[in-house]
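The structures considered in this document are given below.
Two complexes are shown next, each including subunit A; its partner changes from subunit B in the first to subunit C in the second.
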Partner chain A sequence: MVKNDNGQLYTIEGFAAALIMVMTAYLVVNATSVYTAGDTHINDMQLEALGSDALKMMDVAPNRTDAETPLQGIIRTDNYAGFTTMLLNYTNESGSGPRHDIQFNASYTCRDSNNLTHRIQFANSRELTGGEHTVRATKWVIVNKPVCLMVGQDRAVLLEVLLWRD
Partner chain B sequence: MTDNSGALSIDFIAGFTIFLIAFIWVLSMIPGLLIGLQAFTIDYDAVAYRTGVMLVEDPGWPASPPWESQQNFSVTRFGLAVSRETPNILSQEKVDRFFANTSEYGTFAYPDDYHQRIIFGDYPYRFNISIFDMERNQRLFLSQSPPLPEGYGYIRRLVKIKGLTNATIDESYISSHPYINSDNASHHEFSILVNNSGLNMQKNLSYEIDPARESITVNITDIRSTLFNQFNAGSVNITLTQINIYKVDAGIMTLVRTFNTPYIDQNSSTTQPPVEVNNNVSLKFTPAFFDILNAGSSPVYINLSFNLSTGGYPGLSYQDHFLNNTWSSPFNYDYNPANVTQPRLRDAMVEVAIW
Partner chain C sequence: MARLNDDAQWIILMGFLISFSFFFLALVINQSTVVGQTTAESVIEFPKNDIRDVRDVIGNVVMRVPYPQNVTVYKDITVLSMNRKGSVVEYSNFIAANATYIQIHYNNGVTEYNENWTVL
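Right, the complex of A and B next:
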């Protein structure tokens, strides 16, 4: 028998040391899988570019002789279903890249004769719960419509679309 | 034994072994931990975004004459937009040249030619660029690009492709216009006017007809039906003798060149006049053709000369009323949808992947 075994490593300490190291490694691995600010920025940028492009293309008339762009027609006639179909067609059009399962919430804003802004909820594919990580795409659209309690004439409304991935 | 201070106990060996195994295992995980910290993914996405912006928002360089009308070595930078003022509106000519859909000037080599003109930098990036024409359900891509690996940088841009214009002068169109008002003659002239000053009036470049930037096509069909004497029409030889191009500068009309590449009777290759025509003549003018004319805003007249004969080529001269607008007005290639199929913007999607 060893008379003085102070400081000697026994099996139970070996187990304890191994467990501590493995636990530490587990915590570190989990910590680094959290998105860094740089990564989320890139994803936001991709979604924002896509949303911005979609609104821009919706506001371009296919033919010179068209009286209005598809987006102008949609806002003028409050065609919520048409907006949903068209926007999701653009954003979810599948290519070779990652699948875009994108949801949106759209509204537009205008000023009335007293220079007060009015926000009008327009269309959405899903209700916002507050937990979504959204990006914003906006587009000024000229529409001929009696919005904001004024007589019908060409006016600018700011269409604002919040986009997020499922 | 009373002195065993140099011996290891079983208990110690077991504990140390467990510690060592766990230590080695954790050590082996360290390289994996650093993968999440490397910057390449972010870099790839940024390069993809930059490339996408240049492709869809820039017309490329040289701008005039445009790069798509130049030899490969003259092209400095790719860009598919119609102009700087029309981001996301792409030119059909530029798209075709970029994706080597046309053979007139040869193709660009992947990856070097593309790397120098759109990716830039010293890092040997690999890339895959494609465009999906939603309306035509057609995908164009760089044919030699390798398959996508894991972890590539990516961007997609939604765009519209500005379609080309064309005009068809057929039997119904001819019968509703004064295009058979000549004398009873064997020689006939038919003129087409490309009024550049009128075409320049359209200030929105997305819908502008610009023959120096985009091909224009004129199809003349049902030519035989314009013979007044239809009883003999089947035996008459119609010969397209020449296609002359005139330019009007300061009120003076000058012959600038001839056009020698018409498509006759839906042949897939061109035939130089004089050539016998059964029913159809198709004229496709490339931007390079109009660019050489240096017409600016001067009107350009395209004059087709026909000869009628019988009894085989060259045969005997035959006289009849025929397609001829010498004494009326030329066919105007303009913004009238009844005359010309106007530029139409088609939905498309550009995808850029970098790794």
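Right, the complex of A and C next:
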């Protein structure tokens, strides 16, 4: 048996070439399924935090002698325009620069005497079409108002705001 | 190994090493975006704002609303929490020795939060 090892280097070269091709294919296939920022839910998280913070700020009275917070007054008097202005001021504006393209749809829920809940459409900056990718920010509000057909007294209602970007 | 030209063996070996290192770098870069995703998802899932908000409203109710109406607001909070947020919220309060004691229980099936709150 004559031992012929002339092809050893060619074999190694073949291995190397195969590895390079496999890695190239791996990188190319991966590049088509790369995670974009939208897949990672990072901007969902930021939008939800922004909405919660805005609602929290709206439920803080400017002066400690104030009888009610701006948000309580808005819900008590059904001041839809005031809510829209204030919420978009806190979320959508950035000085005099461009807007953040944030849209919202707000409603609040109350309980009636049979412990059933009723959702009352409140204010929105744009109609929901169902295709939006929304996040929800909520805020408990104590309001003195005859909600859900019960007599006027201090009640807790849950304000829910759906937020999305155009 | 007569007549075989093996001058480039080291070059080929280095080529191996470099291509392997590229491979592992690609793996590491792949993972980095997934790390941001899981972080964001766990932040969204953890009901930090819900708990803060429910503490806030319970504190307000107990300190401001007198007792008979307190029951109405209590039902509002428990019923609406269950129906709209899928979370069990319970609280009770009493006054003893000039301090107001509030017990708050929150459970949304994943996260549970209990608090004994003393307001002097």
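For this structure, a couple of remarks:
Basically, the second predicted complex is superposed on the first by the 121 of 166 C-alpha atoms of A that agree within 3 Å, B and C clash if a C-alpha of one lies under 4 Å from a C-alpha of the other, contacts with A are read in each partner's own complex, and residues count from 1 in each chain.
The rule we apply is simple: a residue touches a chain if its C-beta (ideal position, glycine included) is under 8 Å from a C-beta of that chain, and two chains touch if they have at least 3 such contacts.
Since this is a predicted model, take the numbers as computed values, not measurements.
In the superposed pair of complexes, A:139 makes contact with subunit C only, with no contact to subunit B. In the overlay built on the shared chain, the residue A:111 is in contact with subunit C alone; subunit B does not reach it. By the touch criterion stated above, A:30 is placed in contact with subunit C alone, subunit B being left untouched. Within the superposed three-chain model, A:158 lies in touch with subunit C and out of touch with subunit B [touch as defined at top]. Once the two complexes are laid over each other on the shared chain, residue contacts for A:12 go to subunit B and to subunit C alike. In the superposition on chain A, contact is made by A:45 with both subunit B and subunit C.
When the shared chain is aligned, no partner comes close enough to touch A:130: not subunit B, not subunit C. Taken together, the two complexes place residues 8-9, 12-13, 15, 19, 39, 42, 45, 49, 56 of subunit A in contact with subunit B and also with subunit C. If you check the complex, the residues on subunit C that touch subunit A are 1, 3-6, 8-9, 12, 15-16, 19, 22-23, 26, 30, 33-34, 36-37, 39-41, 43-44, 49-50, 53-54, 56-57, 60-61, 64-65, 69, 72-73, 75-77, 79-81, 83-85. Interface residues of subunit A facing subunit C in the complex, by the touch rule stated above, are 5-6, 8-9, 12-13, 15-16, 19-20, 23, 26-27, 30, 34-35, 39-42, 44-45, 48-49, 52, 56, 109-111, 115, 117, 135, 137-142, 150, 153-158, 160. The part of subunit A that touches subunit B in the complex is made up of residues 1-2, 8-15, 17-19, 21-22, 24-25, 28-29, 32-33, 38-39, 42, 45-46, 49-50, 53-54, 56-57, 60-65, 90, 93, 95-98.
Considering their complex, residues 4-5, 9, 11-12, 14-19, 21-23, 25-26, 29, 32-33, 36-37, 39, 41-42, 45-46, 49, 52, 87-89, 128, 130, 132, 134, 148, 154-160, 202, 204, 206-207, 335, 337, 342-347, 349, 351, 353 of subunit B touch subunit A.
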